[in-house]
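Listed after this line are the structures, all set down as C-alpha cells.
Each of the two complexes below includes subunit A, the first together with subunit B, the second together with subunit C.
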Partner chain A sequence: MLRCCIAAENRKLRRALIWAVFLLLPLLAGVYGTVNYLQNLEILTPGWYNLWTQHTLFYSLFFFAPMTALYTAYLWRLEHLGHNWNLIMTVPVPRFDLYLGKFLVAWKMVLLTQLWVFALFVLFGKLWVGLPGWPPAEILFWAVRGTLGGAAVIALHLVISMLIRSFAAPILLALAGGVLGAYFANENLGLFWPYALMMSGMNSNRAEDLLDGRMGPFLLACLVWTLLAFAAGWLLLNRRDVRSE
Partner chain B sequence: MQNVIETQGLCKTYGNHFAVQQLDLAVPEGCVYGFIGPNGAGKSTTMKMLLGLIAPSAGKVLLLGKEMNPRNRLALLRQTGSLIESPSGYGHLTGQENLEIVAGLKGVDHREIDRVLEVVHLTDARHRKLRQYSLGMRQRLGIAQALLGSPKLLILDEPTNGLDPAGIQEMRSLIGEMPARCGTTVLISSHLLGEMEQLVQQVGILNQGKLLFQGPLAQLQQHSRGDVLLRLLYPQRGLQWMADNGIRCRRENDTLVLPPMEEDALAQLVQALAARGAGVVGVATRTRSLEEIFLRLTEGKEVA
Partner chain C sequence: MAVCLWAELKKAHRRHDLPVVLGIGVLALCWANTMKLSDPASLAYGYSMVLYGLSIVNAVVMPLSMAVLGSRLWDVEVRGSACKLLYTLQSRGSLFGAKVALGFAEVLVAPLMELAGTLAFGRIYRFTEPLSPAALGWFFFCTLAVNALLFFFELMLSLFFENQVPALGCGVLFSMTGLFAMFMPPAFTRLLPWAYYAVTLSVGMVYDESTRISTFYPIPYPVWALAVVVALCGLVLMAGWRLVRRKEV
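Take a look at the complex of A and B:
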C-alpha cells in the first residue's frame, strides 16, 4: 500500500510548478557561489574544496531548508486545496502510509536537488572556473549526506504543513530555521536543531569535513528528529478529525 | 433485508452544540436512500462519521454489517465509494490522471477508468485538465472516482449541488439505476426533498441533528393528503349542519375547510349536506406537496 501511495504522490507531481523552482534556485546559488569564488581568489586557496565552500555558503543558508519546506508544503497544498482530504482519507490505505509516501517522495526530490547542486558545482568548476581534474568523491558524499539532515527537516515540515494550511508560512519558518541553523552549527549545537543537520551534513562553507569522527552522533540526531516527527504525524493523522476546508 | 448502513445512537458534539444527536439510521440493501435536511442539519457530519473521517462523540456506525472502527476501516472503505461536500481532485492534472491516482490508491485495475468515464459521460473530456472542467463535470468526475472499484455502497453528499436542471436530471438517472445495474446501495443527501422524489425509495429527514422521519417514501407521501374544501351556495346552512353533527370546520367566504378525511366519509358528508339544502357546488382536496411536508417537519410543526 505504501507503494500505491508513492506512485500517487509521483503522479501528483507531474507538470507541477515546483520543478521550476527545483531547477532555478540551485542554478542561482551556483552562479552566486562561482562569482564569489572568482572574486575572492586572493584570500582563498584555489581548488575544488574552496569552490564548494562558496557554492554552499549561500545555498545552505538561504535555499536548502526553504526548498525542502517548499516541497513538503506543496505536497500538502495539493490536499488542502479542492477538498482532497476527504478523498485521501477515504481511500483504503493506512493513513500513515500517505504521510510516509509524501516523506519518501519529498526525500527523493531533496536528493535530486542535491545531485543537481553537485552537478552544477562540477559544471561551473570545469567550464567556468577551469579547475584542473575532477572534484574529490568526498564532496559528492557530503552533498548526499546533506539529505540525511534533510530527512529530519522533511519529516518535521510534513507535520507543520499538514497543520498549517498556509503555503508561505512554513517556508518562511524554514528560512528562519536555516539562518538560525548557521548559528547553532557554529556554537556546536547543530545536533539539536534539525535545520543545522542539513548544513553540517553537506559540510557547507567548510573545506575540511565538519563531521570527521562525529558521524555517529550526526546519524543518531537525524534519526531521532525524523522519528519524533513521524510519531507526531502518526498521532495527528490517526487521532484528529479530518477537516477538508 | 440486511441494513447496509446502520447507526446506533450516533452523536457528534462540538463544545456544547450537538451537530448530530442520537441518530439511528437504517439504510436497507439495494435502495436509494434520500438523506434530506436543510443546510447545517448535520448531513455532512453524519456522512463523515459513516466514512470514519470524523470520530463520533457517542454511538456507533455499522457498514455492511461490520462496525466502522480502526480495525475494519480499510476493509469497509474498500467496498465504499464516496463524494463528500464537494468533488475532490487535482487541478493541474487531467481527468484521466486524477482517476489514475484514485484507482492506484484503491488498488483497482486501470481498465476500470474507461468504464467509469463512460458511465459519467466524460470520455471525451478525459485529457482536459481538471481546472478547465465546469462544476457539473467536476461533480461527474467525483462520481466516477466514487464508482471506481464497483463499491457495494455509495455515499454521495449533495451530488446535484451546482448543477443545471439538465445536469440534475442526468445525475438522477445515473444514480437511480445504480441499485438495479450494480446491486449498489446509495445514500444520497440533499436539502431539497422535491428533487429526490423521483429517485429515492427510502427517506430520512434530518433537522438540527435529529432524525424527524425515516421510512419508505410512500409512507411520507401518505402525509400529503390535505384539507377538504367544500364550496356551498348556502354556507350558513352547511355550517349549521356541521355544528349539529359535531364536525369541526372553518369558513372561508363561501367555502368550508375540513380536516383530511377518508373518501367514504367525504361522500356521505356531501350527500348529507346536499340533502340539507346547502347547495354543494364544489368539492376539492388540497394536496400538500412533499416540500410542504418537509417544511412542516423541519419547522417543528406536526404533520397532520
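Take a look at the complex of A and C:
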C-alpha cells in the first residue's frame, strides 16, 4: 500500500512547476555565494571550506525551510481541492501510509536538492573559482547530514500543510521558523528547534565542524523531532473524517 | 462596490487573514529587535540603525509575505471554483477593485506596525538620536510602495496561473535575491524592483572593522526610486486588470 502511495505522490511531481524552484533556488544561492567569495578573498581564507559557507549560509538559514514547505504544501494541495479530502479518507489504504508516502517523496526531493547544491558547489569551485583539487569528503557528509535535519522540517510541514488548507500560509510559517532557527543556532540551542537542525547539519556558518563531538545529540534531535511530527500526523489522520458539506 | 468589499472582508475573515498580516509585522519587528539596539554605542544612531536593519529584514520577509497575501486572496476563488459564479453575479471591475482595495489594506498593516515598532524601540531603549519624522515618513511610504508593488505582482501571477506554485516560488526567489542584492554593488541592486527596500533607504552605514562599530549617516531621499516603484505599481495593476478582463471561465 505504501508503494502505491509513493507512486501516486511521484506522479504529482511529473512536469510540476515545483522543479523550477528546485533548479533555481540552489543555482541563485551558488552564484551569489561564489560572487561573494570572490569579492571577499582578502577577508576569507581561500579554499573549499569557505566557499561552502558562502554557498550555503543564506540558503540554509532562511530559504531551505520555505522551499521544503513549498514541496510539502504542493503534495497536500490536491487533497485540499474540491472534495478530494473525502476521497482520500475513503481509499482502502492505511491512513498513515498517505502521510508516510508524502514524507518519503518530499525527502527524496530534499535529497536531490542537496545533491544539486553540492554539484553546483563543486562545479563553481572548479570552473569559476579555480580551486585546486577536489572538495574534502567531509563537505559531502555535511550536505547529506543536512538532509537528516531536513527530515524533521519535512515531517513537521507535512502535518502543518495537512492541517492548514491554504497553500501559502505554511510557507510563511516556514520562513518564520527559519528566522527563529537562525536565532536558536546563534544561541547554540539548534538542537531544540527543528528548523535549526538543517543549518547545524550543513555547517553553513563556520569552516570548522559545529557538530564535532555532538553527532549523537544531533542524530537524536533529528529522530525525536521527526518522530514527534510522525506521531502528530498519525494521530491527526486517524482522528480526521470526511467533510460533509 | 461597498457590497463587494464587504464580501471580500467576509472571505478574509474566514481565511484568517488578520493573524497572517499581524504575524508578518510581528516577525519583522522581532527580527529587528535581535539587533544590538540596547548597546550604548548604538544609542546615538538608534533610529537610523532600526531603519537600516528593517530594510534588510524587509528584503527577506516581505517578498514572500506579499506572495502569501496575494496568492491567498485569489486562491480562495480557485479552490472553490468560484470564478464562473462570481463573474455572473458581479462585474469583473468590482471583483478586481474589491480585491485590490482589501489587499492594499492588508499590505498597509506591516509598514504601520514597523512605524509604531520603531517609535516603541526608541522609547524602550532610550535612543539619544533625535527623531526625524521626515525620515520615518519616507521609510513608511517607501516600504508601503515596494510592498504594494510586490503584492500586485504576486496577485497578477496568481490570476495568471491557477497553480499557486509560480506565485509562491517567485516569492521565495525574490526574498533570496533581494537579500543577496543588499550585499551587491548598487548598480546591480537598482535592477531588481523587489530589492528597492535598499535602494529607497535614506540612511547609509559605515562599518569600522578595527573597532567593529557601525556608524550611520543620512543620505538624500532617492525620490526617483520611489517614483520608479510607484510607476511599476501602476503598470502591474493595469496588467492585472487586463488579465481579469480577458480571463476565460
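The rule is simple: the second predicted complex is superposed on the first by the 241 of 245 C-alpha atoms of A that agree within 3 Å, B and C clash if a C-alpha of one lies under 4 Å from a C-alpha of the other, contacts with A are read in each partner's own complex, and residues count from 1 in each chain.
Everything that follows uses one rule, which is that a residue touches a chain if its C-beta (ideal position, glycine included) is under 8 Å from a C-beta of that chain, and two chains touch if they have at least 3 such contacts.
This is a predicted model, so every value here is computed, not measured.
A.B. asks: Which partner does A:A16 reach: the first (subunit B), the second (subunit C), both, or neither?
C.D. replies: both
A.B. asks: Once the shared chain is lined up, is A:L38 touching subunit B (first), subunit C (second), both, or neither of them?
C.D. replies: Neither subunit B nor subunit C is touched by A:L38.
A.B. asks: In the superposed arrangement, does A:L87 touch subunit B (first), subunit C (second), both or neither?
C.D. replies: Once the two structures are laid over each other on A, A:L87 reaches subunit B alone.
A.B. asks: Is A:A8 contacted by the first partner subunit B, the second partner subunit C, both or neither?
C.D. replies: A:A8 sits against subunit B, while subunit C stays out of touch.
A.B. asks: Of the partners subunit B and subunit C, which touch A:V179 in the superposed model: first, second, both, neither?
C.D. replies: second
A.B. asks: Once the structures are superposed on A, label A:A169 by its partner contacts, choosing first (subunit B), second (subunit C), both or neither.
C.D. replies: In the superposition, A:A169 touches subunit C alone.
A.B. asks: Check the residue A:L78 against both partner chains and state whether it touches subunit B (first), subunit C (second), both, or neither.
C.D. replies: Touch partner of A:L78: subunit B, not subunit C.
A.B. asks: A:F58 in the overlay: touching subunit B, subunit C, both, or neither? Say first, second, both or neither.
C.D. replies: It touches subunit C, and subunit B stays clear.
A.B. asks: Residue by residue on subunit A, keep only those touching subunit B in one complex and subunit C in the other, then list them.
C.D. replies: 16-17, 81-82
A.B. asks: Given the complex with subunit A, which residues does subunit B contribute to the contact?
C.D. replies: My answer: residues 48, 51-55, 70, 74-75, 77-78, 80, 82, 84-93, 97, 100-102, 104-107, 145.
A.B. asks: Taking the touch rule as given, give the residues of subunit C at its contact with subunit A in the complex, in rising order.
C.D. replies: It is residues 15, 20, 23-24, 27, 30-31, 34, 60-61, 64-65, 67-68, 71-72, 75, 79, 81, 161, 163-169, 171-173, 175-177, 179-180, 183-184 of subunit C that touch subunit A.
A.B. asks: For the complex, which residues does subunit A have touching subunit B?
C.D. replies: Per the stated touch rule, the residues are 1, 4-5, 7-8, 11-12, 14-17, 78, 81-84, 86-94, 238, 241-242, 244-245.
A.B. asks: Across the complex, what residues on subunit A touch subunit C?
C.D. replies: Per the touch definition, subunit A meets subunit C at residues 16-18, 20-21, 24-25, 28-29, 32, 35-36, 58-59, 62-63, 66-67, 70, 73-74, 77, 80-82, 165-169, 171-172, 175-176, 179, 183.
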